[in-house]
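The structure's right below; bear with me while I get my questions together.
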């Protein structure tokens, strides 16, 4: 609830960011209710109707399998949510835990952060590429790989925040009143980190969409049969002139969603506690 | 500097400028390829891409004319003993290698021996060769242990075939592909440089001695009109098309069917069909798993599939594919219709019944396909749907090509896999005829027919035996043909002399800009 | 400064060692047998086995690593399985393209990102700021390959202004005019990164402009542009410089995609192609070199940081 | 030498004794802050004068509008949500508020310069102090770098920076707080300004250093005859340095006088509160007489006298706007009870 008011306050007086938030809400609804909204099965092949122009009954036209682009776009929204939320969770769970523990137990922290340094020396997409080749193409692996890539930055950021928070008076107070490590970490420190973590999460969500699309494009992302915006672009990219709608619709969907997420993240960051403002990279 | 030398200097500068400007005016053919060839050594490499580049510099004793019949290239003439066991080939005496040496029988013998021992397709012929010797400066004799029908086709097929290199290069050459510095052949273009990932460049060989006669397929006169040929790897097909339209390339290969209509209508682009179709093959595992020796189950799978929708989806326009069950296309001497009734029945009910009868109980059938070739993947998606309708439990496994190649070598990893086959002039070259090819089709019936097929050198008899083999393929189903695909390339309309279709690989002698 | 650099280089050693193990492990976990791929369709299992042995791929992993690392130390990254030439040479062949692409991209980032960022910050809250910040964010939200595809369509196919793909070496015919091949790719690559720099310049300038010393500078009666550049931007540059390390990493990542779209013979595409070809030594070599380069860039960033900010002492 | 000032309270001009044009004359200055679309007045109808070579102290608690007043005079409000809504600021014969930005900048740092409160942050950390001093000199005097450097060196010596020729190439972080404030002073003096504004120049410094800096300012005043406006919340500081004092409360001047007379005859209860809260030096005090209550918020100013809610003498009458009382020709108080209270001064 506190987070909700945080978001509401952040959006106050920011029309573009509010529009972005509304767009994201639409994506969420579309993703959840995909089977109700999509007029066709996103996987249904119809060789007769292939490469139909946008119109009726195919709102966004069809691809070279004769599959309905609109239905695929709606299911793509679901995949975007899965990828985004999944990557955020992996990044926050792995990176967040490592970062918090490292910042709290400084001895352990130095070792852990050195390991994070090593991983950070691999440029994000390159790391993702190599990991994806080692693993196989699947939704889970894509999420895992993108999550791990951003776990490193998340760990760094949370590490920095922990160092700042640890020396705050109220933490000392809690420590003096006999709070244990666990209680200190999760009852006293974590609540203070929630809003910066939320901001970080929005940026990871946005970046994850772009990374996933790039992996799809290189043929090393989601399995090709999965309807995702990235796969739609990758699979149909040769039709850029022959059937322009196949690239325009998914492309615009990705751009709008990433753009909205970035706007939201920006608004949230401006609202955030000044103590952490510098820590969050964002765009 | 006095007056005289100053003028001399000015002349020199002007001359230099002229030289530079003519150098800039040098004609270059810019060809966008699908990727980088592994090596251009024709003996050991079977990649079509390698041959597209290499057959401009390497030549064999024979080549194909427009009717796909083998005709002499470096050979002048040949004769065969009555028992069909001794072949004598006379060589042309006007042939020079790119290094300036004249070609003699020593070079030919050395090349054939290396190819026979290490070459990709050399074993097919040399399994029957008992000896090979030079019987003159420009004459060689091949002794066969048994008569062997396809010998001339094998000598003419340059892809993985017997290109003639100088004997000095062949010395000590093994399975390892030759290094670029050893790319010395007899062709109208010679090797200049290979900048990995950037381009392979060939330049005109000025001392080239062309075979005589009118150009006919790959036979006849070869005239190098370009100063150089440059082959650029452009793996992204969209970029190849855009690059040709933007005038960055003169020729681009392997263009998707769906773009055919619009490119054909574009006055800035000319389209060139590839003469020989390629065809998809779905191999079945004869060594392990549920399909091993269960021919009835294999036939059930074959019955379930209707090839046409897959071709529609994967290729597009009608003219670019043919739901043809014969392994070699109509018009070709090897065309026949034995067994093709079963090519594309698409009868889910019948398939279900046949599968039940064959004892199929719903075990998963692992079907491997790669996304590197969109037409494999697109077809496999359609097949998977059809098989599911007939009650098969298909586990579609999508890999990149490299992984698929590794996995298919392990019999326990798969039941079906999708690949494709290039056009070949002799059915003996089709991969399913190779006992070692993944799928490992080695039934007694096959062995018997294969022996008969290679022993004969009578064309009519061989064609008839091939019919029997094709019927056997439809009965034992070691592989399923998925239909013929006519690929096409696109070129700048400025190119003269291309013709409407390529024979097998595009060639740029007798072509100008 | 030299002592500091040396010390920093020393601390890189363990990181590098760990990274090299990681690189090696990653690569050898990749499914796909290089021998099988090299030999192609018609190879027999015996032939594959023989080649595997010849390439040393049958030895225990740690032995392969030790051997590889020993060679790396002596400057030998092995031979490309695919090209059969030294890996270092394959990489060197791609380096020209990648370096020129990176330089040209950096050029765009600097000449677009910095002035627009300064303008955006100077006109904070006005429509100029809203438009520039909005567009910057928009460009940071566009998938690189999508942008590249449309740039080719518009500027090469449609207008015919610029080449669509490939890059002939500047030492080849055409000389430096060949740089025109890199204009579209570098713009594609620069778009999201310039956007990032615009936003970074803007926000750090806004932070700096709230500082007291800017008021001091204004109280001297200096022209606002001079205050903005000499006092605000100059100090904001410290934060911007720190971000250039990050930009470099982003650049390498996105170069993989951009070089693929534009068929550039650079290192980025080499990685993708080598992964598809299972050319282990090349993948290892490239990644190792990129990791070293990245660490080196970070060192440079730290040195630049110290150079820009006299308060930071290098010790 | 006798300095004469004329202070005006409200809009009524009182006793301009001056025989010559004042260096600075502020007339009916109103400043407001833009807050959620509304203009909130912060400084109301302020008028005062500063003669050449005079030292005026403006004293008041934080929030009284004293800093904003001098920033407005300096012209440093642009870019902030605060703006001058009406009034005139005559300086050296020109109304500063009517000048173009460029004309204004030609005065800033030249005819008029300013020292700020925070020496730690008021210098740009990335430039050497010499360069920062030279910047203003070169800008206004268009001289060569060499000349500017010589001048900067003189200035550093003048503000008593030890080892000035070395220090000139030091960065701000290499200097102590007091030294930095000296550098600030040197910078402000760079172009021999007619008016030097010092906004709480010693607040952030140690008590011992405070005295040194104040002495320095006084000394410079003696030497150069520059007019000075010194702003402080500490009447003690003002008393030490200034010959005239204006006491500000809630955006108004509530009392003004020569320093001497102010301490002789306290006029306004607020001034008295301020004096009582000065900690006597060298004596152990157990408690200070801090003024009870807080400065009221801008949007909740009391009716009538702004000080009335905190004033111990407040009566019903105080809910009316207080009249301006003239205690002396140089001592003005804005209080209903100015005459009654003065007698009770301690």
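Residue numbering begins at 1 within each chain, and the chains themselves are lettered A, B, C and D in the order written.
What we mean here is this: a contact is a pair of C-beta atoms (placed from the backbone, for glycine too) under 8 Å apart; a residue touches a chain by one contact, two chains touch by 3 or more.
Just so you know, these numbers come straight off a predicted model, no measurement behind them.
Novice: Identify the chain pair with more contacting C-beta pairs: A-C or A-B.
Specialist: Output for the comparison: A-C.
Novice: From the C-alpha centres, identify the chain that is farthest from subunit C.
Specialist: D
Novice: Could you name the chain whose CA centroid falls nearest to the centroid of all protein CA atoms?
Specialist: That would be chain C.
Novice: Where the centres are mean C-alpha positions, what is the separation of subunit A from subunit C, in Å?
Specialist: 23
Novice: Please tell me the distance, in whole Å, between the geometric centres of subunit A and subunit B computed from their C-alpha atoms.
Specialist: About 46 Å, centre to centre.
Novice: Please compute the C-alpha centroid of subunit C, do the same for subunit D, then give the distance between them in whole Å.
Specialist: 54
Novice: Using mean CA coordinates as chain centres, what's the gap between subunit A and subunit D in Å?
Specialist: 54
Novice: Where does subunit B touch two or more other chains at once, residue-wise?
Specialist: 238, 372, 400
Novice: Quick check on subunit C: which residues sit in contact with 2+ other chains?
Specialist: 31, 149, 153, 157, 260
Novice: Show the residues in subunit D shared as contacts by 2 or more other chains, in ascending order.
Specialist: Touching at least two other chains: none.
Novice: Could you list each pair of chains that touch one another?
Specialist: A-B, A-C, B-C, C-D
Novice: Applying the document's contact rule, which stretches of subunit C touch subunit A when the two form their complex?
Specialist: 14-15, 18-19, 22, 26-27, 29-31, 134, 137-138, 140-146, 149-150, 153, 157, 195-196, 199, 246, 249-250, 252-254, 256-257, 260, 271-272, 275, 283, 287, 290-291, 294-295
Novice: What does subunit A use to touch subunit B in their complex?
Specialist: Of all residues in subunit A, those touching subunit B are 45, 47, 50-51, 64-66, 133, 136-137, 219-220, 223-225, 235, 237-242.
Novice: State the interface residues of subunit B toward subunit C in the complex, per the touch definition above.
Specialist: Checking each residue of subunit B against subunit C gives 23-24, 32, 35-36, 38-39, 45-47, 120-121, 160, 175-177, 179, 195-199, 232-236, 238-239, 242-243, 245-248, 372, 400-403, 405-407, 409, 419, 431, 434, 436-437.
Novice: Taking the complex as given, what residues does subunit D use to touch subunit C?
Specialist: My answer: residues 74, 76, 79, 101, 105-110, 113-114, 116, 118, 121-126, 135-136, 139-140, 171, 173, 184, 187.
Novice: Within the complex, which stretch of subunit A touches subunit C?
Specialist: 16, 114-115, 117-119, 121-126, 129-131, 133-134, 136, 206, 210, 213-214, 217-218, 220, 230, 233, 237, 240-241, 247, 251, 254-255, 258-259, 262-263, 266, 281, 283
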